[in-house]
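First chain written, first letter: the chains are A, B, C and D, and each begins at residue 1.
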Amino acid sequence: MATATTPAMKKFLNDPADAVRESLAGLAAAHHDLLRYDADAQIVVRADAPVAGKVALVSGGGSGHEPLHGGFVGRGMLDAACPGEVFTSPVPDQMLAATKAVDGGAGVVHIVKNYTGDVMNFKLAAEDAADEGITVESVLVDDDVAVQDSLYTAGRRGVGATVLLEKIAGAAAESGDDVQRVTALARRVNARARSFGVALSSCTPPAAGKPMFDLPEGEVELGIGIHGEPGRRRERMSSARELAGVMVEAVVSDLQAPPGAQVLTFVNGMGGTPQLELYLLYGEIDRQLREAGLEPVRNLVGSYITSLEMAGASLTVLELDDELASLWDAPVHTPALRWGA
Amino acid sequence: MATATTPAMKKFLNDPADAVRESLAGLAAAHHDLLRYDADAQIVVRADAPVAGKVALVSGGGSGHEPLHGGFVGRGMLDAACPGEVFTSPVPDQMLAATKAVDGGAGVVHIVKNYTGDVMNFKLAAEDAADEGITVESVLVDDDVAVQDSLYTAGRRGVGATVLLEKIAGAAAESGDDVQRVTALARRVNARARSFGVALSSCTPPAAGKPMFDLPEGEVELGIGIHGEPGRRRERMSSARELAGVMVEAVVSDLQAPPGAQVLTFVNGMGGTPQLELYLLYGEIDRQLREAGLEPVRNLVGSYITSLEMAGASLTVLELDDELASLWDAPVHTPALRWGA
Amino acid sequence: MITEPIVRASTITVWLTQAGADVRARGDYLTQLDAAIGDGDHGINMTRGFDAVDKALAGQGDGVLPGRLLILAGKTLVSTVGGASGPLWGSALRRAGRALGDVEQFDGPQLALALDAAIDAIVELGAAAPGDKTMVDALVPASRALHAELDAGSSLDQALAAAAQAALEGAEATVPMQARKGRASYLGERSIGHQDPGATSAAIILAALARSVGESG
Amino acid sequence: MITEPIVRASTITVWLTQAGADVRARGDYLTQLDAAIGDGDHGINMTRGFDAVDKALAGQGDGVLPGRLLILAGKTLVSTVGGASGPLWGSALRRAGRALGDVEQFDGPQLALALDAAIDAIVELGAAAPGDKTMVDALVPASRALHAELDAGSSLDQALAAAAQAALEGAEATVPMQARKGRASYLGERSIGHQDPGATSAAIILAALARSVGESG
């Protein structure tokens, strides 16, 4: 069965250069009721786009974080996703094509994770869209407390809050809110959410064919990003209880929510962490958040913003208010997130 | 941060011996609206059990396959799950406790994957239940075409069809069908479903602390089970297209569905396979099934019956009829599978 | 016949404690055997079960009948082991205990009958025949040796030593077999060349029996 | 001054083709540098971009103005590279092309102005200052050297060779810097001790420029 084209790494791939495109085609084949894949423009678009009179949400970023973003296209969440190559920002052409494809006349919101590449490419796209007469609002996601937000960094990265923001802003847009309100809500989610990630292993991008970094036996990387960027520091592997403690402390101390605040707890797997471990970790985190005086009233546990098959997890805590909670609860129907529909 | 209790393997664990229990406690903390965890009886039970007059579904098996089974407890699917230690059948006491906890007077159906241990433990439990006056029907799942069903084996293993059967029988029970009909439907799903799995890596059970088996660089294991049992044969790694071909051929030739038959395609990740690859594989399989003359009209793509963090995938094809399709479409609300609710 | 060892409740306790210690000591080896042709948990399963048996026996006062102890141990194994070996060994001990009934002590022939009852329970539940590469391949030769020695007038000590030896040889004889029962059967021909873990633990348990009766006799 | 090389459209084509070939040849090295302090795709990104530039240039007939070629190459990079380097290099070439306007050929001082326009575009978009450990740390010294040599009366060949050398040294000088822009900045002090991939590819591209003008001069 071995052939000349046999890939060196062990992954379900044909030509590694085609991985993203073939995967998106598979996504569209599985979910043609929800979305379509425009292979020329390299974008994933809601099946019924453009929805006249509805604010449209466009997100995008490197691939390798599935289900983010293609898996969140559908009713009540994204109108379009622009997937770049693995761990590489998409290009402005994709964002412009997506913006044009979903513009229903009520304005388009670009959801941009704060990475230099994403920010610059979305900026060029927004300029192009403005040239074509489409109102674009950009919302920056930068919730990763592992990065210091100072003059000496590119600012905090956008990580887990992206999922929550896309759900909540998507619900607002679906309910008919105008572009200012959708934008404001999205920014509120970002302002009230904090995240911190931990990697137990590296991961192998198809085009590279070898692991992004080495993580020696018995060590973990704390403050990891979602692109396989090394984290802030390495430590000896410790128990789930202790790792949960590091995550909770980092997030809670930065969020500074008032005592008794109601929160949404998002425990996210990086791709290679079994659900058995993820729920075990959730149990630890839930307890420690309560000990820290917060009240988890909603949660999301699963692998929603990943780094290929990396073993690891991130914690995102979002401070809720009634409006955010009810938008979170609103129906959503996408390949990866679905309820009430 | 390293302590004396630092586990040797890199997993989110405290004491590995507590892994299953702590994970179930986390599951219950996250989904207390849907289910509760009885730590003494070591079972997961639907929050509103027993539902008077409803046929109750009890499933169980070794842990390490999450979300199976605890993640499928809720409305429209399982009434209770009995999780054993990792990759080890639960004991009859759990099954009996679950049976008693969910019995709503309309009978209880035990869903048993065909493994010697599961079969024998469920058999003892059913005898105990009968002693206590509870009608129990047992449904055996044995859909794995990698195992020859002959006098010379323990028969085919129960793999991917389990998920589909639990959903469909769960919908029938929720709709008020009686125990004979629910049992008959469950058996029909099993009779019309076939599966085949491929492993690209091994996995590490917490208690063992080391990989179950070695898979040399560049080799794959074809016909793998879900307990880390070695498969039927090893081959050189090949392309997604070729691996899809092996899976489709194995399943389709055994299923022997009539030309043009409508099918549900279930492409399942074994735990460590990124969604990018899973959808790429889905695309290949979908195309090849159509080429084989079948018509995929429903699908499920994701990691639903796993082997911890094993990299790999399985294909299950279920030949549908109108009734099975509409039961599949019926609302379900569990931690892992949710729609229409 | 006055020096012939007699089996009492205390012998049962010593045996099960010994068997547990031996299974625990060889747990990694058993798990390794299971990893090759099964799912790599046999040592863990049996250890978990015997840990629970130890606790259960520790809770028993003096004067409990040997048959009762076996039934208790069997129930404990059923309730804690899971997998294939739990119900098999659990049913085996329960059936052996029931076969003994209410006797306070018993001799070789009664022990042989109890062993046969245990094997019957295993075969009833698991339907394995000799040659299927299971624990049955250790237990059936053991029973045959026990009967033969006793019939030939050997002491119970000698007879049990022969039975233990037969179990060990039976376990070793599983190496060239192709499995037809249990997980190993999924492997087809690839199961050939490996020793069956369940037969191996059965041999360990019978060796502990021979030693325990010898000691307390 | 009659032997002074003049830059023409063909020089631009030779340069970009050369630069692409060099980036491709050192792609693994660039990716490796990026893996240490970024996300390990810089070589792949730049290669993808220059592959597309090759194709775009191949589609151009004779007589296209050099400024137009640069704008085309810039647009192609923007449209195909993604990441941080795509919009930065793309905007740089587009701005350089626009700075040249409609000239058919140009000399050293004009080339220096085009390079400055390119750097302006990069700084406008990315806001990096010298010392932030980015491509700017290769490009700014290169521009400074080019101006200095031309002002001192050196030939364009010599001036470009000095600029390329300055770019190389600028890239090497990023090793001890702590990154303040781009992904590497997330690492804080851990970014120290590694050479910046974007500065390194910038040096490669400037070396190709020096060689191309030398050749076609």
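Methods note: a residue touches a chain if its C-beta (ideal position, glycine included) is under 8 Å from a C-beta of that chain, and two chains touch if they have at least 3 such contacts.
Predicted model only: the values in this text are computed from it and were never measured.
Enquirer: From subunit A, count the fewest steps through touching chains until subunit C is reached.
Expert: When the steps are counted carefully, the minimum from subunit A to subunit C is 2.
Enquirer: Between subunit B and subunit D, what's the gap in Å when you average each chain's C-alpha atoms?
Expert: The answer is 55 Å.
Enquirer: Can you compute the centre-to-centre distance for subunit B and subunit C, using the mean CA position of each chain? Integer Å is fine.
Expert: Their C-alpha centroids are separated by 33 Å.
Enquirer: Measuring centre to centre with CA averages, how many angstrom lie between subunit C and subunit D?
Expert: Result: the chain centres lie 77 Å from each other.
Enquirer: Which subunit A residues touch at least two other chains?
Expert: Residue numbers touching two or more other chains: 86.
Enquirer: Touching two or more other chains, which residues of subunit D qualify?
Expert: If we look for residues of subunit D contacting two or more partner chains, we find none.
Enquirer: Thinking of each chain as a vertex joined to the chains it touches, would you call that graph a line, ring, star, complete, or other?
Expert: The chain contacts form an open line.
Enquirer: Tell me, which pairs of chains are in touch?
Expert: A-B, A-D, B-C
Enquirer: How about subunit D: which of its residues touch subunit A in the complex?
Expert: 31, 35, 37-41, 44-45, 48, 78-88, 91, 125-126, 178, 180-183, 185-188, 190
Enquirer: Which part of subunit A faces subunit B closely enough to touch in the complex?
Expert: Spelled out, the residues of subunit A in touch with subunit B are 1-3, 5-8, 10-14, 19-20, 22-27, 29-30, 63-64, 66-67, 71, 86, 200-201, 218, 220, 235-243, 246, 271-284, 286-287, 299, 301, 303, 306, 308-309, 311, 313, 335, 338-341.
Enquirer: Would you mind writing out the residues of subunit B in touch with subunit C in their complex?
Expert: Touch list, subunit B to subunit C: 62, 84-93, 115-117, 120-121, 123-124, 146-148, 151-154, 157, 205, 207-208, 212-213, 225, 227-230, 232-233.
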